[in-house]
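For clarity, chains are labelled A, B and C in written order, and residue numbers in each chain start from 1.
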């Protein structure tokens, strides 16, 4: 039996309340993006996408789980000036200009300067 | 109702030393019972750094270390698993000219010991792997040293010994060891085991058995200070140590960086932890050594109980007081690589009365005042 | 064992202000009680604002009223917040601060935003570390869009967001109905509430629930409201899997008649009541015992919330799930015990009253277990391919295979062998599930499996943290 799958919105989270806040501009995977003052990094990212990171062993997308700093599944990587630094998205408020990396490619680029492989 | 058992050899302690001894005894067709207080390989054997390293050992220890190295080369054949063993290479870093000279002297001294050490200066090192920035003047590389997962490997020795016919009892603390004139009687809460031979491989707790048998040793209990990061992109093939320094680290294939160095703390006879002042010292040292770790996170720390003797060498010998009693303990956290070799040598010593590998430097009576010996 | 130079030497200080870890309902009432008796406690909290999870305060600039946020609990929440705000100048308050280790009589602190670390010594300590959701995974639970019930609630309460545009709530427990109700009331689209508890359980529990009639009435209210607003509520369900490619798109389940159902959705809120956060109590050396009511090991306490460690008191959900109202009472009771132990006069009648009221909540708590029973058959039904440990990606198959080699069932040993619980969350999300699977595989009681040993750091520590001071004496005030 075929199940009709509804078309999913781009973002995972949906804003129900508190839409009247001042906008906050940031960068998501190299692209300019916008969220609201008082958003956590998690809210800012997931209201317009459905991934916070790619799991290092499963290689599948993750978008947090517990929302309260327990599961440790929502760590995102910064780009730009603080490239490579990590934040726990659910417990960190978004700041203007933050460069957030959630895709494998963006994260790899952000951490490129740090890693180097030994050639035996 | 106390169970009565009789066997040829009782091994006290199911860590890598005891389990390996049991395995090699079984290969010689000798009956053996292993009594382990907790779970086999759950103590120092299971919580150590996981370095499988010959470089850095004393000249006196290198022959035994080499013998052990041969067994590491056939691990699956020996115990049925590789337990993540890799000959990934071990690099000892020199942070000063004096340290480099120390490494050069060691390389010369051990030239014929089969380590194949390669001395690298700063420029050569940087070509192969940039580590530690300007503070590193060079180092010594041992290509066939490596690393393994002690949590998998040490219990695997006990499993292999059991498969080979050893009787292995866990959760069986030894209450005392006595000799009735003819045989040893080893008592646990549930058993009385009669045997011709007893091997004291009780790790950090071996001192009390040695004392019971009239051979007290000046052993100190040292807790290591271990930690591990979250999984990170793989970048470090080598296991790293620092000449004259206290930090050492390696990256497992899954990406976590395991490190140690400095003192932990002891809570009681069986529990130890990393110490917060040590963690504070370790983290910046790690980042200085490997700037790639700047943004990494520490997710877990642990410790264990290591027995250490004042001359930094273990005890691997027959008893000096009691025929049929043997000792293998006091490895100070550096016993992991030696495990297979020690088991092999102990079995040889027990079966043939002598070891073909020199172990004279590890006699138990080297601490007793010669004037008092009888 | 010949002596060790490395024994921990950190004896209990002779004096110093009391320290409270956790500024939820328990911690706030504890602080209030101590202040009322002339002491000035240090209050350490991981969050930027006091209130804990249930009464989490919205960020600055948000406009909803307490009634919008906390519904029936608006009065309690407001009282707690106003109390804390009023008392704050008198407290040594350390928000945004994680306690990552306990060593002797020292707590290791990390200011999470500044990444600075320091140590705080304590003579008396009230641990009020609260709880997180009790998680039983289902296949597909790691997909984006699957969140805990508590997480779904935080999204709405703290950020004004729904976890998806079409949400299914699943699991069991009173929180299941509360969150579904809150979402629907806020304008979220709630497709269904799937309760694993059979409908009949509610009736079985009803008499005991009269121990706290007001609380019971709220539960009935939420259920009735949902039904009245045409939110499908199903009892006695079995959750089979979450489906989706890169994010959740459906939940597949069996209804009480055993018929398989497929509900398209874009988010799932999942939970089976709560579990206590006990890592700090563990590192402090508190004795633990298995509590059948909680189906887990909890640190032991006497009637006045004293732990087995002199000077350590345990308040709130962190010593066993009891609910927010009980947390407030236990925070006060713990503080009174601390005062009593310091030789400060306390109101014995008040202590007796609190003990009595807490006993009542205990009865109600037991009733909740009857109304929303833990799904005993979960482990047996868990498919081999189910990912149990989401940090390390370890499946039930790997866990079962390892268990088969470890008949003694020591979860710490099994963790060392197969990596369950070795990830960043250190077993918070997988510990319950792993314990159930081990008990089921080895056919032993859950208590025999033991519990994952707490290890520092309690949460991940950045390697580039800066130590700002060492062995700082808690300031006298």
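Throughout what follows, contacts are C-beta pairs under 8 Å (C-beta built on N, C-alpha and C of every residue); 3 or more make two chains touch, one makes a residue touch a chain.
Just so it is clear, the structure is predicted and the values come from calculations on it, not from any experiment.
Shown here, the protein chains touch in all possible pairs. A comparison of the B-C and A-C interfaces places the larger number of contacting C-beta pairs at A-C. Measuring from the averaged C-alpha position of chain A to that of chain B gives a distance of 44 Å. One inter-chain figure worth recording: chain B and chain C are separated by 40 Å, centre to centre, where each centre is the mean of the chain's CA atoms.
Between chain A and chain C the centroid-to-centroid distance comes to 25 Å (mean Cα coordinates, whole Å).
Residues of chain C in contact with at least two other chains: 423-424, 460, 462.
Contact of a single residue of chain A with at least two other chains is seen at positions 57, 86. Chain B has residues 294-295, 297 in contact with two or more other chains.
Interface residues of chain B facing chain A in the complex, by the touch rule stated above, are 89, 128-130, 231, 233-238, 254-255, 291-292, 294-295, 297. Taken in their complex, chain C has these residues touching chain B: 1-8, 101, 103, 106, 108, 117, 119, 285, 405, 408, 410, 413, 416-417, 422-424, 426, 455-457, 460-465, 467, 470. Of all the residues in chain B, the ones that touch chain C in their complex are 39, 42, 46, 151-152, 155, 159, 170-171, 204-205, 207-208, 216-223, 229-230, 263-267, 269, 272-277, 279-280, 283-284, 286-287, 293-302. For chain A in complex with chain C, the residues that touch the partner chain are 3-6, 8-9, 12-22, 37-40, 43, 47, 50-52, 55, 57-58, 60-73, 75, 86, 90-93. Chain contact summary for the complex, chain C toward chain A: residues 46-48, 53, 58-64, 68, 112-113, 132-133, 142-148, 150-152, 154-156, 158-166, 186-188, 246-247, 249-250, 262, 264, 266-267, 277, 387, 390-393, 423-425, 428-429, 459-460, 462.
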